[in-house]
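By letter and in written order, the chains are A, B, C and D; residue numbering begins at 1 in each of them.
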Amino acid sequence: MSYNSFGRMFRFTTWGESHGPALGAVVDGCPPGIALSESDIQPWLDRRRPGTSRFTTQRREPDAVRILSGVFEGRTTGTPISLMIENVDQRSKDYGDVAKAYRPGHADYAYDAKYGFRDYRGGGRSSARETAARVAAGAVARLVVPQVRIRAWVESIGGDAIDPAAFDAEQIDANPFFCPDAAAALRWEALVDAARKAGSSLGAVVACEATGVPAGWGAPLYAKLDSELASGIMSINAVKGIEIGDGFAAAALSGEANADPMRPGADGPEFLANHAGGIAGGIATGQPIRLRAAFKPTSSILTPVPTITRDGEATDIATKGRHDPCVGIRGVPVVEAMMALVLADQALLHRAQCG
Amino acid sequence: MSYNSFGRMFRFTTWGESHGPALGAVVDGCPPGIALSESDIQPWLDRRRPGTSRFTTQRREPDAVRILSGVFEGRTTGTPISLMIENVDQRSKDYGDVAKAYRPGHADYAYDAKYGFRDYRGGGRSSARETAARVAAGAVARLVVPQVRIRAWVESIGGDAIDPAAFDAEQIDANPFFCPDAAAALRWEALVDAARKAGSSLGAVVACEATGVPAGWGAPLYAKLDSELASGIMSINAVKGIEIGDGFAAAALSGEANADPMRPGADGPEFLANHAGGIAGGIATGQPIRLRAAFKPTSSILTPVPTITRDGEATDIATKGRHDPCVGIRGVPVVEAMMALVLADQALLHRAQCG
Amino acid sequence: MSYNSFGRMFRFTTWGESHGPALGAVVDGCPPGIALSESDIQPWLDRRRPGTSRFTTQRREPDAVRILSGVFEGRTTGTPISLMIENVDQRSKDYGDVAKAYRPGHADYAYDAKYGFRDYRGGGRSSARETAARVAAGAVARLVVPQVRIRAWVESIGGDAIDPAAFDAEQIDANPFFCPDAAAALRWEALVDAARKAGSSLGAVVACEATGVPAGWGAPLYAKLDSELASGIMSINAVKGIEIGDGFAAAALSGEANADPMRPGADGPEFLANHAGGIAGGIATGQPIRLRAAFKPTSSILTPVPTITRDGEATDIATKGRHDPCVGIRGVPVVEAMMALVLADQALLHRAQCG
Amino acid sequence: MSYNSFGRMFRFTTWGESHGPALGAVVDGCPPGIALSESDIQPWLDRRRPGTSRFTTQRREPDAVRILSGVFEGRTTGTPISLMIENVDQRSKDYGDVAKAYRPGHADYAYDAKYGFRDYRGGGRSSARETAARVAAGAVARLVVPQVRIRAWVESIGGDAIDPAAFDAEQIDANPFFCPDAAAALRWEALVDAARKAGSSLGAVVACEATGVPAGWGAPLYAKLDSELASGIMSINAVKGIEIGDGFAAAALSGEANADPMRPGADGPEFLANHAGGIAGGIATGQPIRLRAAFKPTSSILTPVPTITRDGEATDIATKGRHDPCVGIRGVPVVEAMMALVLADQALLHRAQCG
């Protein structure tokens, strides 16, 4: 089933295709009285915007957002907030081959198997352009949880990881890779350039941290905070893995090594470790929330790959058009947005049940 | 917010605590006319049942399921199916310390932070006993998608992994670890015994595969099949990571290496690889669905860990009571159940939208 | 689709058939820390219980409720509350004819058309016994909104209405009809006796009022308070109409006559009328919430009616078994329960969005 | 809580205010491959459009709809369909008084009580303009259930009802009142003219019938077809009552009189009556679905009514601006749209569970 809404209380619904006239999001359930204008949203979209360096797609989109409803005299009214971004730089003629054959790794074959046909222009609905709508909605979410500070960064590209000891938060916005390690950023320039020139692409791991989340947000089991985050992050195009805290590394630990011991602190417990990523039993502990998302390499590559046509004939396909050589890079603002959207929802849900 | 339902069309709601009189699940939305009796469910519960080897908790529970509604003359009627399992072997007196202090890594502190107090007996709602209700619901789900074959296994314990080359499906049910590699199963005996004797515990990675899923199930983006699986699997107690197909390994690959090339097959496309875990663009490709879940080590350990009391005093806590030394082992039937539950839901959703 | 849950934040799911072993409800999303035991629920069930006068079905059910989860040391924990009521006095042999032919006005034919077969014993899932589960859940809901006072009554039976001028709230529980007009209650004795003896049945109108609902609960449009109440009340078996405030009578008024003028009051506005039933624009105004529900006459009657068999042959059917001659009477505690359930949900939703 | 989505499988979300730049709907879950263009939607919007006679508001809106997503090469793709209608003829300066005082019967006070402030221009979100978005979404829904024929009409205005014996379907679109009785239409001209000139307004009852709905759509109890329709119809602005089939009249009948006897027909059962409005036990019987909705008189009237200001002072208010003298008239296409939306949803849900 097509299902394009997310959230239980603070909900958003996105719509739009890569080469349609526009795309957007409707945010429903937002508390009233929050100061909101386009200028609260635009900076986050600019951060995700394509065409800002040679390491992202060369499509030129201003990604200018308009608020069409739900705001009056500069404040949210409590009614649905409709956000729209017009598409400007479509070049649909680039996609002739894609109409006839399936790009391996891409959604082409699966869409046809499901729906019988597909909007192949620029990937249609499965294009990473959809994430602009999330980033816009996420900007509203941030305003709902102003006490929370969210930041994401790229942790590795093509298997080349940052040095944790070199982590410098100020570096993140100082290079085109959202990389907190200046030395790694230099290496990645060469790495991504090489992939781009070879008509190849690279995967990446994005990490994200939210501080200021109060103990108590979340829920046991089916809507546990880990689970809501997993659902939200995994719903981003190209994400194939998610871990909370130590994640897979925790599976190799003993119980003592994985415990996050506590001692009395000035202001509630002080934790001596954070293997759990700030979530125990599905509920925030008050520590930083930490997660990691695996982005596969962009499926659209210039290197020809064996495939079949819609008629079932063997062929090779190389994807022309403009693409990110490493879609994980622009995943950074998207992961942040999903973190904000999940936390805004949880904040309202917690208030509903626990006052 | 407490939220204890899962699924959109084939939905289930679970209830019950570790030391309450019973636990159960209500399955709603099941198609009518499916042959169903307790004997279709019991074998799956027996597979998950505690106390069957020295490598699981020594709590003795028959886990006998009763169907209280939704079945008439041996077939589902299309109305809600209520499943109940009585608790028999509670020993609540083991938990005195837990009432007063927080076990690190466990849900204790977070529950208190959220709800103001908690049912501490045996972990209350956060106990792994809740997974019995899922396994019962999952047994019904399997009957909804009889064309699908699901099997899970343990891939590593405490960092000690199986040899993929030694994979033998018949081994999985031949040892107490659901281990497909006989040599690894022998090593794990020693490993888990040592942890148990040391009052420690171990994490594990569980893998799961579903074959027979037709191309087309799933959805783009917010309910993408990856995302539904991530939400379901991550909602299991102790799971802190999930990957679909190559998952985090894909983040280290190039686009060519990660592509799953196709060529014409007898019956639709033949895929030459399955890095994507059988899901592209959120939709099943017809290949096997493959995922991996990271279980952290059981938080309840006999080794004392620094913590605080409810009154904020420093103390050490060791968890008495009976516990699994490696909760991932009994995670195998639970992961299978969640796979079945997600796929049954997707089967109905696909039929709804695409006929 | 089978769909047996209700509510968005304070949600409940019911299960069970008339002649199954038990029926019940799972209440999810209840705030923690509320004092709750079976004795808070039982009185409401007793009020709805069959067999208490000759004007209701002669089935003898103790309707004893058990709380199976979600309560610890006498208080709600915030986790799902499972409520179970065992069926005791089934007499399935009464229903042989019903298995073979369709009772006009009853769910028989429609269930078969939908599901291919049905549990015909006592109406199966479509029996009014299901309402016991709602009344139990409603008793929990009342505790969530202790500031609200809810009372319902029968306003007419078989077209014979009470005299509004004779309304006396103390009469409501003083006669077997929940009738606030003592004279009408006397007339109804004769009326319902006659219908019962003639093997017939009668429809009824139930009115319900909730006071103490603060201005602001509710929502514009799709979840407007009128709409949530309509959905909840109309989901009760045998209800075929619902009106809020003046309802259909308002359709005959002019704008001036229907306005509820305001003037300054000690404590917010004072309203000079309540045509709107306490809801304007979908949101509570602080006035009493007022609604009215139309219950059709019980479809199960001893008078033979032309119908067809499952094989499509013509026949006549008279419904043996034990039935309420006027199902609207026992609808009173059920309407109250649904009012409580909707308001509890709205209370939490309002707190979530508006703090 | 703000909640602006409707439907379970075929879902839509509306957004927009009376005097904002635009309003719209996002339709999600639509089956793929359905031929759809603006020309399938525009005629239904034109039918609802304001300013077409002196009996509706004089606001001049072209209500031109644009499809912004979800359609490719003239067919639905299965992804969300975004529909947008720009507002053209706002005159916000008419609403100065409304900003300072509360119009009785209108949403003003309740919105302020809920949200702390409101968009008062033209009623903001509570304006009947929102129904344009429903009508657009409903046009898509009609295409999902092409076997169903839906028609609504006005049954009474200000208490003056049509003569059922004079019902002539061809009259419905032949007069400005959607009135199937030519004589009544003449009377209503005078009636509505008089109300308009007096600065008053009138209520109305709208009836709606759907034929071609197959037996089996719907569900028992909480999503019973009666309940889904009640929720949908009651969510329309100004609706305060809904009845299915005989509704409140059934409450005055005996069981025999209310039964819908059956006899064998050529093609399943033939029903000898339709008191139930085509729904038994929540499920369609294959007979025409029939319902009736009560629209209160427009709250915006030129006659001054006592009220209070935002500051709590006594005043009188008369609503300037342009308004429908009888909002029920333009309710006809809106009720039809909601009928279509509910039935499209039920069609998909039935297919999901029952194949």
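Everything that follows uses one rule, which is that a residue touches a chain if its C-beta (ideal position, glycine included) is under 8 Å from a C-beta of that chain, and two chains touch if they have at least 3 such contacts.
To keep track of the chains, here are their UniProt names: A, B, C, D = Chorismate synthase.
Quick caveat, the model's predicted, so the values are computed rather than measured.
When the interfaces A-D and C-D are ranked by how many C-beta pairs touch across them, C-D comes first. In terms of the distance between Cα centroids, chain A is separated most widely from C. Taking each chain's centre as the average of its CA atoms, chain A and chain D sit 39 Å apart. Distance between chain C and chain D, defined via averaged C-alpha coordinates, is recorded as 26 Å.
Shared interface positions of chain B, i.e. residues touching 2 or more other chains, are given as 1-5, 9, 14, 29-30, 32, 78-79, 114-116, 125, 220, 349, 352-354.
Residues of chain B that touch chain A in their complex: 1-6, 8-9, 14, 102, 104-111, 113-116, 125-126, 130, 156, 158-159, 195, 200-205, 214-224, 226-228, 230-235, 237, 239-248, 250-264, 268-269, 272, 275-277, 279-286, 294-301, 303, 305-308, 312-314, 328, 349-350, 352-354. Within the complex formed with chain A, the residues of chain D that make contact are 1-5, 9, 11, 13-17, 20-24, 26, 28-30, 32-33, 66, 68-70, 72, 75, 77-82, 114-119, 121, 124-125.
Chain D makes touch with chain B in their complex at residues 9, 29-32, 78-79, 220, 348-349, 351-355.
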